[in-house]
Amino acid sequence: MVPGEVHALLGENGAGKSTLIKIISGVYKPDGGEMRLDGKLVAFSNPREAQAGGIATIYQELSLYPELTVAENIFMGHAPRRQVGPVKVVNWSEMTVRAKEILASLNIHDLDVRRKVGSLSVGNRQRVEIAKALSINARILIMDEPTAALTEADVIRLFEIVRLLRQRGVAIIYISHRLGEVFELADRVTVLRDGQYVGTNEVKDVTPDHLISMMVGRTIDNLFPKLDTTVGAPVLEVRNLWNKPLCRDVSFQVRAGEIVGLAGLVGSGRSELAQTIFGFTPAQSGEIILNGQTIRVRNPGDAMKHGIAYVPEDRGTQGLIREMRIRENVSLAVLKTLTRTGFINSPAERDLAAHAIEQLGIRAYSPEQLVSKLSGGNQQKVVVSKWLASKPKVLIMDEPTRGVDVGAKAEIHRLISELASQGLAILMISSELPEVLGMSDRVLVMREGRIVAEFARKDATQENVVSAMMREASEPNGVPTPQGVLQ
Amino acid sequence: MTATASPVTRPPVQARSGGFLSRALSFLFTQEVILFLVLVVLIVLVGSANPRYVAERNFINILNGNAYIAVAAIGMSMVIISRNIDISIGSLIGVLGTLSGTIAINGYPIWASWLVPIVAGALVGAVIGFLVAYLRIPAIVVTLGLLSILKGGLITITGGAWITDLPSDYFLAQMKSPAFSFLGLNVPEIPSPILLMIILTILAAIWMRYSTTGRAIYAVGGNAEAARLSGISEKRIIMTVFIINGITAGIAAVLWATQLSIIQSTVPAGLELQIITSAVVGGVSILGGIGTTVGAMLAAILLSAINSALVFINISPYWFRAVVGVLILVTVLADRLRRQRNRASERG
Amino acid sequence: PTAAQDRWDGADDLPVNPLECPAAEGAGEASPAEMSMPEYDGGQPTDAPDLAGQPIVLVDVPKLVGIGYFAATTLGQQQAAEELGNVTVTTDAPTEANIDDQIAVIDNYITQGVNGILFAANDPVAIAPVLTRALESGIHVVGYDANSEPAAREWFVNQAEFNGIAKAMIDSMVAEIGADGSFAIVTSTFTTPNQARWIAEMQAYQGKCYPELTWLETVEAQEDNVLSFNQATTLINKYGPDLDGIFGMTSVATPAAADAVAQAGLCAVDAVAGAAGSAEDAVAVVGLATPNAMKPYVTGDFAGCVKSVVLWNPIDLGYAAVYVLRAVVDGEFAPGDTSVMAGRLGELQVVNGSEVLLGPPFIYTAENIDGFDF
Amino acid sequence: MTTIRQMDEQNPGAKFRRFLLRQEIILFIILTIAIILLTLGSDKFLTVDNLLNQGRLLTEIALVALPMTFIIVTGGIDLSVGSIMGLCAILLGYMWNPSGPFQWPLELAVIFSLVVGTLCGVINGLIIVRIGVPPLITTLATLALYRGLAEGISQARSVRNYPESFYVLGQGTFLGVPTQLWVVLIFVLITAIVLSRTVFGRSLYAIGNNELGARFSGIPVGVYKIIIYGFSGFMSGMAAWIFVSRVTTTRSDMGSGLELDAIAAVVLGGTSIFGGSGSIIGTVIGFVLIQLLKNGLALAGVTTDGTIVVIGTVLIFAILINNYIQRRVSAGK
């Protein structure tokens, strides 16, 4: 690594990228080998030493304190201090000011540094995570999939920051599954496979296909294998759905065999909408209609009974029971169908899990493996397979490929297409615009809790969608109507 | 304002979201302020029913007689904030109090009988901390075991013999301190338990808010994994927290032992529940990461004031505990509703 | 009595039998109960081995271990065992006065196979099944301090009859606060049988002899001295000058109540360096307690705070219990007998069918208290 | 990857080793060692009579420890069990009391007290689920409340002189085994099967590991929690019924301290206090071990205070050993 370099680290899910950076930043101890910083041999036995050595890390799994404020989260462990008599005490006012400065340098002005992190959306938490790493004044900044939870606009901002840091001479290790980002940002790229070093190249010397074959050992011809399907009758229809604050008078429909993409900025209310339909946060008013019949959805159980499945956006806290086995996770949503008079049918459960592992190519040595021991991408595959097992009529997927490597991504995309062609109605929420554009038959755009635009596949261009996402809310109907009183 | 608030108000930086008014309002409804208001309401109501309740002496007595619980609740709230618990604390106080008395009647200097229990408490705390932090046994398990060990061990060793004939200068808790007279204030002499309680609470509150270790306790309780990644040594923090808890237990034990001319060398029954209840009613979240020592102290005072008030307003003692249970429940529910309201307003 | 219940006096609702008032003394002492001596109503062990004159192993299960009172009864038992030479006694009991645990302790000793069990029951009825089991296993059972249902044991060594204690308590209180004073009570818990009985008898005796006494209220304080202190302090603050006396119903509550009075500066005599209030405000403390715990308030630093402490001698109580059990084993004491020899205590009378009476309660005062050490 | 998997399945030695190192097996070994030592300590210990008699004494703790396992598996705790037991005992006597205000038939009084016990548990559950108060705080408050109700209702009066037939449950035998031991056995079987084999049991583990994830999987988390707290209340009522039948009287202080004994049994049985793992078998070993220690040590001449010191030490060391071995096992994987 040289100062001012952006060095990308690539590899499939489970290739060992996160593990490598955790070794570098002192979380794990290496079994052997050596590490040099400024030519000097170093060995960090804990993260504090690494931080003192100027290495700041943004980990893949968010690591924040939900009950503490944004400012405290940013400065935990190295709060600005002030001398009072003989002792040094935490300087709260400076902390607030500096937190604001850091956020401002990231062009973030809408985040109150005294809010509790627990009340923030995933996207905002990711921003806090970045600010936290920047607060260390690092010489080496390691970012493990920082953009996985970000929307385009945030990604652009983040890139600006990265470039800024590069100019300041900070060396950056950048992990991402989005190849585009690598080509846009990185100077050099290293590929890992199964924990082994495969090779390092100058970015200008390689092509995406070349990188993919280095990572996967083969080439992938189509990342968005969209099948043409015949779109049938409406399966899911939503009318005037209200669930304040982030679901305002939403109406749309999804037809059999159709993939509807839902785009929007962070916090535009897409997840909220999905969770309302799924009954996690039941609607305050409005109708959910399934196959022509109005249904009542008061909790996820109701939704599942009617054949609605939801792949949540945060696999760690929402999608998986990480301390349980793959088998137990895959069957969790369909246990009722796997029972004989209330008892779990173990052979059927094992078959289901084995099938899931095979179908999605989950890298695990056995269905009995704990999910927490899988790499991030493989965990994501487990969530997807869990909901596929429920054989839904409507599948809502919230960021289905977050943190998934290209190979698996193509896999999941192909699966989505296949499911649609089998007549499933799919609502896909994604912050990755190419994914939305590449996979959807129709694109809906959400902003501030409302659906503000709808594009057919042929009209859905990057510019159209982005401008609908970003447009200032200036229409007269931006004022909430008293429709909330309805019901 | 967040639950990490402490008596020291934060710098008044104007917030982008939420006006000054809502901020002021949310400060008004921190757990500490609520507890204080409940206390005031209680005093006014009971005082108007029976004016002797508000007599200065009664109040001093209530505080004096229960200060040891409040002192122990300081350490306990730190333990709970770090997402641990100590259910052996009642037994520990019994053992340390007996230790203190034993030292005093065996001709050692009085200061030793006050100091040794505190040091011994710190040592026991270190042992608990070691078992929890390094051998990774959950704190509830360690202290459940320790509770039995201390309780049984105390009786095995003392045979239940009371300690009497204590030297007359031993009774720390009965001494009054002219602490404020040098400030030229016309404050009556304050009994030392109350003074200690106030000083320790303030010190702890400041330490929890302004020291990096104090902040790290919140971090470890809030998200231990994240704390580790921020370079905070979880093990060291857990050790620290239990050692402090041992120290406050030692101080509480000395206050407990020096209150009366007899030391009953047994474990005060149910004391651990009183202390834990004080901490949680004081707003310390059992899930870690939230709470203040001031709240814990206020809750300890409130609970003892309630106990005394029930006698004053002639509630049948047969129904005492039911009333106390309802009151705890009401306090906790009120706190819950407040938090839900706050969350709703944060979202809206 | 319903009126009493309104004051939450902590009394039980069994029949009472108040003694004669002091004025009528002389005629009263020959208790009429003795005339119509009821039949023996205790139980008998089944197939108890004949161990007359042989060494026996006894276990003593008091209500709890860890309080001075039962440390004293244990001491008495050891003295008796030493004198007799052929008795071994071990004391074992729960660390809290808890009937569940007490049953388990006794149960284990039945299995272990001791020759005799001495007990002080936490609950007279709940303990009966396990004691019956002991009798059925051929183990001799003798109670002291706190009785069980008669059929579940052979004899009960009664430290002093309930009405006797009640009389001594009320008389001592009246001597200090006059026949028209008002008092409150600090007891352990309302469910403790002995205390409830005493309070009931006190009530009956007061109603009969001193109707002008005002009965304020009874508070619970477990067997915890700090809690007792706090409760006594609360009473003092609540009633102010309206409170003339406090009864301590346990050996824990009485010294704590005395401490509360002393720390409030309400001792009757100004032996306490000028701290005593006027006689008007003073609060008298009368109660059941061991002498050592009360010396500071009777003759020590706070001399005069407490004038009279009512108690039998718990050492003698434990001592007598062991002698009674030995006599039963040796066949020297059987149903129908009217007295039993108990070593240095001499001959003890049988009352109420199957109870051995230790004697009248003893009242410790400044004159005699220093002669006792327990 | 496939190679590891095959190796794993084909190597019976490894499989056996894993079986040996399972939590319950280790506990069982500890129990066996304890039994051997206690047998050496007293020849009265390992006799059928003594062991059956111990079965009688452990009934109440066993009955509340079973639902406590469910609750702790979900990451909760129930401190109010002892107080519910006290309240149920009092109600049983109070409603039946032939000289009391109600004078109900005994059967009705028993059913009523069981219903109230269940209701107390359901109230705990409702406060926890609907209002979101953490279980520890909720049950700390109801610990005081339910005990207070028991004291208030009883006014310190006890009820005794039940008909002889009532004592069968607490003092009788069936097929030579104490009646209540059969009750324990039945509930052990039911709870063990429910926890390990059913959807309900699996869901409890899921809730304990990740409640949010469980909710997103469509598990009716709130309903399940209310059910288990209700069940806990019901079992406290059962314990009260059996206890009253055993000791033939009611007192408002019955069952005080029961919660810590039950929790100790569950925790000793290897159930993680943080939720997500544990088993009924473990809990059974836990309460059996505690009871046998109490009994065996007493028979060997150790007094009660010494015994509780030993039990506290065993608790810490059992968990320590288990933790150590489990960590080695998972590191070896």
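Going in written order, the chains are labelled A, B, C and D, and every chain counts its residues from 1.
In this section, a residue touches a chain if its C-beta (ideal position, glycine included) is under 8 Å from a C-beta of that chain, and two chains touch if they have at least 3 such contacts.
Small disclaimer: the values here were computed from a predicted structure and weren't measured.
Averaging Cα atoms per chain gives one point for each, and the point farthest from that of chain A is the centre of C.
Centres computed as Cα averages put chain A at a distance of 42 Å from chain D. Inter-chain spacing, taken between the CA centroids of chain B and chain D, is 31 Å. Separation between the centroids of chain B and chain C, computed from CA atoms only, is 37 Å.
Along chain D, residues 151, 154-156, 303-305, 308 each make contact with two or more other chains.
Residue positions 151-152, 154-155, 285, 316, 318, 320 of chain B each touch two or more of the other chains.
Residues of chain A in contact with two or more other chains: none.
Chain pairs that touch one another are A-B, A-D, B-C, B-D, C-D.
Considering their complex, residues 50, 52-53, 55, 57-58, 61, 65-66, 151-152, 154-155, 158-162, 164, 168, 174, 256, 259-262, 264-269, 304, 307-308, 311-312, 314, 316-318, 320 of chain B touch chain C. Those residues of chain B lying in contact with chain D across their complex are 87, 131, 135-138, 140-142, 144-149, 151-156, 273, 276-277, 280, 285-287, 316, 318-326, 328-329, 332-333, 336-337, 340. Residues 280, 299-301, 303-304, 310, 312, 317-324, 328, 332-333, 335-336, 339, 342-344, 363-366, 386 of chain A touch chain D in their complex. Interface residues of chain D, counted against chain B in their complex, comprise 127, 131-134, 136-138, 140-149, 151-152, 154-156, 260, 263-264, 267, 272-274, 303-309, 311-316, 319-320, 323, 327. Within the complex formed with chain C, the chain D residues making contact are 42, 44, 49-50, 53, 57, 60, 151, 154-158, 160, 171, 243, 246-249, 251-257, 294-295, 298-299, 303-305, 308.
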